[in-house]
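Here come two complexes built around subunit A, the first alongside subunit B, the second alongside subunit C.
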Partner chain A sequence: MLQKIYDWIDDRVDITPLWRDIADHEVPEHVNPAHHFSAFVYCFGGLTFFVTVIQILSGMFLTMYYVPDIENAWRSVYYLQTEVAHGQIVRGMHHWGASVVIVMLFLHTLRVFFQGAYKKPRELNWMVGVLLFFVMLALGLTGYLLPWDNKAYFATVVTLEIAEGVPVIGEMTKTLLNGDPSIVGAQTLARFFAIHVFFLPAALFVLMGIHFIMIRKQGISGPL
Partner chain B sequence: MKRGKGMKFVGDSRVTADKKKFIPKDYSEFPGRTEAFWPNYLLKEWLVGAVFIIGFLCLTIAHPAPLEKMADPTDTSYLPLPDWYFLFLYQLLKYKFASAQFFVLGAIVIPGLAFGGLLLAPFLDRGKERRPHKRPIATGLMILSFIAVFWLTYEASAHVDWEEKAENNKPELPDDQPTVEIDESDPGYALYEENSCINCHGGDLTGGGAAPGLIGMEHGVDEIKDIAVNGVGQMPADQFQGTEEELQQLADFIVSVNEQAAEEE
Partner chain C sequence: MSEKKQPVSRRQFLNYSLTGVGGFMAASMLAPMVRFAIDPVLEATSGSEMHAVVDVSEITTEPQRFDWTVNQVDAWYTSDVTKSAWVYKDENDEIVALSPTCKHLGCAVSWASNPDYPEEFFCPCHEGRYYKSGLNVPDTPPNAALDLFEYEVKDGTLHLGNIVENTVQEGGA
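The block that comes next holds the complex of A and B.
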């Protein structure tokens, strides 16, 4: 039955090459921890992706309760934490996932760096990876404000002050992020929410797509 | 030319005239035992993922995500701190050489050089050699940066009393009802207590599960007297057992608390 469905689709859109690109390839010995335990360092990239998937899923569920508004943001998070079934676990996954993903990204970056895997022909993929790192840090920064507790509010005030201190474009950057030249309030929360939930994930998906296509195109770097 | 501008196509851009494709080095050219990704290797990855997520869920259950008090811009005693992975930047901006008139140096030049260098690493470290000890400058700079980031993060967090900070900022649901200081020496309060009003409406007149609060009502003295004797809604009649004079005192007391609350608002 499944085979028939596959054949029916394959007849029309020729998905076999796609399948081969995604899954039909060999894993070389030097990256396989089953053969060399030290090859576990190659797991960090995959784990980063895994935690990113956790972040996307838990984030999707969080938006079912979260209200991006200064009157209700904190209350909705409090309600989620105290009243909603498993709400504490879903928020906990998103909160801790944000830290774990940074740790995994950091370890993955160090692995690629110390192995010199960014050298020709993988220069572009390294740069895409560093951009992914920046996007992930920006996601952490914007997500921090959303619970609208004291920690969120004051950390954002400091962040915006730093942005303001940048010469020439500082004031504009601050107003763009803040929604107002001086007031950190309703506009700021709405903007950070939009950036955290729409703009940055869009950038993240595009960059991740490029990152993975390039890995499949170029293959894993050889053993040292 | 095999690829790029000089490329010739047959029909559309999916079929090249010369059938040469970009084919990565075959993994069979790597030394040793290769393993099929699907399904053998993926199964192992799946197992690692399962162990990882169990550990991760244990972490989330053992340490619930923190939530502090609702944001209060007037709280001047609050010590603002970013998330841990920004602490190193925060700490850098505290040093004399990186703040005030040197702010641009601390906020833009130093992080810009570090992250710019990271972004452009393939073009700065151009040699063919991949082993870390064969490219000492790249390796050395990375180790130095790692130590610097680690040290700055440590310096930023070591002087903070995290437990005290969490203790002072426990989440509390903000109180929407105006709070009034109740004069417990008022004879009305004694009657309020004696006639068991307190059991349902609470010691601070804010109500409870079974009864509404008594602050912010629109009833006058006579209506309160009537309700105390005849009941209203779910409140049964004959709750008040005292004299007419005491009833007056009780109603006056409740009204006075309401007036006090209205003033404070």
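The block that comes next holds the complex of A and C.
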């Protein structure tokens, strides 16, 4: 049945090359843990992506209950966590996943660094990777404020102070992030929410796309 | 090795196990999220609660609108919500408390609000009409009678509760 549906579509639009191009590629021996166990270090990039997928999914589901408003943000989080079935699990996935993704990203970076995999011709991909790292950090930072509890609030106060410390454009940057020259409040929360769920994920998708296209084009770096 | 001895090839076996493991992982990841999302559908509706509305002595044979306030808990938001009913005593001295929500598309109906139909409930949105009993007038937009409120009289006060279907068949006085 499924095969027939697939064939029917494939007959008309020829989708086989599309997914074959993505799915069918040789894994070099030096990257295969079955040959050399130490090759497990190559998994961290994939794991970063896997955890990112969890973050995207759990985040999408969390916004079904969360409201970015200073009166209700904390209450909606408390409600989804205590009253909604599996709320604690879904929020837990997003909360812990945020830390795990940074750890995986860091391990991936270490591997690339110590193997020298960033060297010519892969310098551009290293740069895109650094940008991805910044986007991830920014996602963690903006997401931190959203539960609107004391920890979130005061962490953001400190973050904004740091942003203000930048020479010349510091004050402007702070106001831009904050939405107000002095009050960390309604506008800050709305802004951080928008940045967290629209702007940064959009940047993340574009950069990830470039990252993946480049690695497929250039191939995994050779054995040490 | 013959085909008989190996009905499943090595490649197929690997394909099946990888698909199985991957499917299991995806399912265990999505299961809590989906359950989380569909929670409002599965949540049991809260039981009936009666609210004091009006002193019985104020109820006449003419439908009158009475309002009362309910404390509504909407997830993380609590507020006072005003509800209304059209209440009268029928020819058997039985109290009838009708919901003002039109059965066509949910506008609010009111008694004798249209001078052309002084003895009927009238809905201004699409000229839906109901007899005094709540029965919908044939050939007007509504296709069911106005709902009833469950009621009880305690210490001379009318209490109203959940909305129930109105099974009335006749137009009433």
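One rule holds in what follows: the second predicted complex is superposed on the first by the 205 of 224 C-alpha atoms of A that agree within 3 Å, B and C clash if a C-alpha of one lies under 4 Å from a C-alpha of the other, contacts with A are read in each partner's own complex, and residues count from 1 in each chain.
Note that in this section contacts are C-beta pairs under 8 Å (C-beta built on N, C-alpha and C of every residue); 3 or more make two chains touch, one makes a residue touch a chain.
In this text the structure is predicted, and so the values were computed from the model without any measurement.
Chemist: Let me test your reading of the model: by the given contact rule, A:186 touches which partner, first (subunit B), second (subunit C), both or neither?
Modeler: Neither partner.
Chemist: Counting only touches as set out at the top, which of subunit B and subunit C does A:41 meet: first, second, both, neither?
Modeler: In the superposition, A:41 contacts neither subunit B nor subunit C.
Chemist: Answer with first, second, both or neither: which of subunit B and subunit C does A:107 touch in the superposed model?
Modeler: neither
Chemist: Is A:214 in contact with subunit B, with subunit C, with both, or with neither (first, second, both, neither)?
Modeler: Neither: A:214 stays clear of subunit B and subunit C.
Chemist: Which of the two, subunit B or subunit C, is in touch with more residues of subunit A?
Modeler: B
Chemist: Thinking of the overlay built on chain A, is A:134 touched by subunit B (first), by subunit C (second), by both, or by neither?
Modeler: In the superposition, A:134 touches subunit B alone.
Chemist: Does the superposition put A:76 against subunit B (first), subunit C (second), both, or neither?
Modeler: In the superposition, A:76 touches subunit C alone.
Chemist: Go through the superposed model and pick first if A:54 touches only subunit B, second if only subunit C, both, or neither.
Modeler: Once the two structures are laid over each other on A, A:54 reaches both partners.
Chemist: Of the two partner chains, subunit B (first) and subunit C (second), which one does A:203 touch, if any: first, second, both, or neither?
Modeler: After superposition on chain A, A:203 lies in contact with neither partner.
Chemist: Output the subunit A positions appearing in both contact lists, the one against subunit B and the one against subunit C.
Modeler: In subunit A, positions 54, 75, 78, 89, 93 sit in both the subunit B and subunit C interfaces.
Chemist: Which part of subunit B faces subunit A closely enough to touch in the complex?
Modeler: Touching subunit A: residues 22, 24-25, 27-28, 30-38, 41-42, 44-45, 48-49, 52-53, 56-57, 59-61, 63-73, 75, 78-86, 90, 93, 103-104, 107-108, 115, 118-123, 125, 128-132, 135, 138-139, 142, 146, 169, 171, 173 of subunit B.
Chemist: Write out the stretch or stretches of subunit A touching subunit C in their complex.
Modeler: Interface residues on subunit A, with respect to subunit C: 54, 57-58, 61, 64-65, 72, 75-76, 78-80, 83-87, 89-90, 93.
Chemist: Under the touch definition given earlier, write down the residues of subunit C that touch subunit A in their complex.
Modeler: Residues in contact with subunit A: 29-30, 32-33, 35-37, 39, 42, 75-77.
Chemist: Spell out the part of subunit A that touches subunit B in their complex, as residue ranges.
Modeler: These residues of subunit A touch subunit B: 23-30, 32-35, 43, 46-47, 50-51, 54, 70, 74-75, 77-78, 81, 88-89, 91-100, 102, 109-110, 113-120, 122-123, 126-127, 130-131, 134, 137, 140-141, 144, 147-155, 157-159, 162, 165-167, 184, 217-219, 221-224.
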